[in-house]
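Chain naming follows the written order as A, B and C, and within any one chain the residues start at number 1.
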Amino acid sequence: MIDNFPYIAVAILMGLGFYTLIFKKNLIKIAIGITLIENGANLFLITLGYRKGSVAPIYTQAPEGANMVLPTPQALTLTSIVIGVATTALILSIAMIIYRKYGTINTDEVRRLKE
Amino acid sequence: MKGEMSIIVKTITKLIYGFIMVYGFYVIVHGHLTPGGGFQGGAIVASAFALLVVTYGNQGVNNYLKKDVFSLVESTGLVLFIAFAFFGLGVTFFYNFLANSGGLFGNPAIIGVNPGDLNTGGTVPIMNIAVGLEVLAALTVIILTMSAASEITKEKEN
Amino acid sequence: MKKSIFGIALIFVLAFMILAAFDMRPFGEPTVSEMDDYYIQNAQAETGANNVVTSIVFDYRGFDTLGEATVLFTAVLGITALFREVVR
């Protein structure tokens, strides 16, 4: 059971992200929720590729004869992290534009001012 | 000047930002030997620029960090990346034509655990440098644009 | 009313995820790893790079990296287009 702790951490991270997305009205908090879900997905990918007692898949000065963890999930997670940075920057800039146009970042008030 | 931080922060920034940049370029160049690579090293260098923006304010760095220059560096990185992908088109797109060729970055790697030779890896180090340039310029452009925009928003509020 | 429905749905999703976490195969024992073993054994001979992750990112799976670089470029393009009165 304690072996599965990383998966529980993934579930908790994603649950917190979904909670933030559903119940919070602040656009900055929504951006934080999206980042939490993203980090949960990244942690899940990395966890799937772990091999017990292994070292990172880099041959420079590695311990002799040790097993190596699976490198493909790490490479894909690297790509995913950079895409996450890009999308988060775009989300935050759109939040800035909304704040400048409406004077608030509360989603309810933005909807009210539109009408 | 407006938006500057205190003299303590400015002094420490002057001391430390060069080291952060050199460390970032080290991570980029040794990407095929040690943990790291283009993305990580580019993010470290961009954090040095972010430190400068935070310390001196948007007005203070306006004359030194130009958005046009960073846009040019970003496009250069992407073009270099795609160009070296096209150079391998004799076999396939993204073929590693420099590996084990004996020329630039062409030494064959010692199989198994070794101390590491910088002159190995074929196109991998070149791609690392290209992606590193692209990431550092992209993140710096994002930081500069958002800081300038937030300053304009503050002026509109007052 | 709407909020309570959302809350119940959230509790269901969270309970499902935690149950699935207990039901996963044990941490640290991936079952299918032929492809990764191939990469670990042959990456040094084929690409000459010591770092297997970098040789996957930039050589074996270069198209992923190309798409990722394009996404980053497009995000910067979008941000500069959003703040176009700043950029001039």
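As a convention for this text, contacts are C-beta pairs under 8 Å (C-beta built on N, C-alpha and C of every residue); 3 or more make two chains touch, one makes a residue touch a chain.
In this text the structure is predicted, and so the values were computed from the model without any measurement.
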**Asked** From the centre of chain C, which chain's CA centre is farthest?
**Response** B
**Request:** Report which of A-B and A-C is connected by more C-beta pairs in contact.
**Result:** A-C
**Asked** Once you find the CA centre of chain B and the CA centre of chain C, what distance in Å lies between them?
**Response** 21
**Prompt:** So how far apart, in whole Å, are chain A and chain B when each is placed at the average of its C-alpha atoms?
**Reply:** 23
**Prompt:** So, what's the distance in Å between the C-alpha centres of chain C and chain A?
**Reply:** 9
**Prompt:** In chain B, which residues are in touch with two or more of the other chains?
**Reply:** 33-35, 37, 109, 112, 114, 116, 135, 138, 142, 145-146, 149
**Prompt:** Can you list the chain C residues in contact with two or more other chains?
**Reply:** 44, 50-51, 53, 57, 65, 72, 75-76, 79, 83
**Request:** Please set out, as single numbers or ranges, the residues of chain A touching at least two other chains.
**Result:** 56, 58-60, 78, 82, 85-86, 89, 93
**Message:** Could you list, by residue number, the parts of chain C that touch chain A in their complex?
**Reply:** 3, 6-7, 10, 13-14, 17-18, 20-22, 24, 26-30, 33, 35-36, 39-40, 43-44, 50-53, 56-57, 61, 64-65, 68, 71-72, 74-76, 78-79, 82-83
**Asked** Which of the residues in chain A end up touching chain B in this complex?
**Response** 56, 58-64, 78, 81-82, 85-86, 89, 92-93, 96, 99-100
**Asked** For chain B, which residues are in contact with chain A within the complex?
**Response** 33-35, 37, 39, 43, 109, 112-116, 135, 138-139, 142, 145-146, 149-150, 153, 156
**Request:** Name, in rising order, each residue of chain A that touches chain C in their complex.
**Result:** 1, 3-8, 10-11, 14-15, 18-19, 22-23, 47-53, 56-60, 68, 70-72, 74-76, 78-79, 82-83, 85-87, 89-90, 93-94, 97
**chain C contact footprint on chain B (complex, rising order)** = 31-35, 37-38, 67, 71, 74, 77-78, 81-82, 85, 93-94, 96, 99-100, 105-112, 114, 116, 120-125, 127-128, 131, 134-135, 138, 141-142, 145-146, 148-149, 152
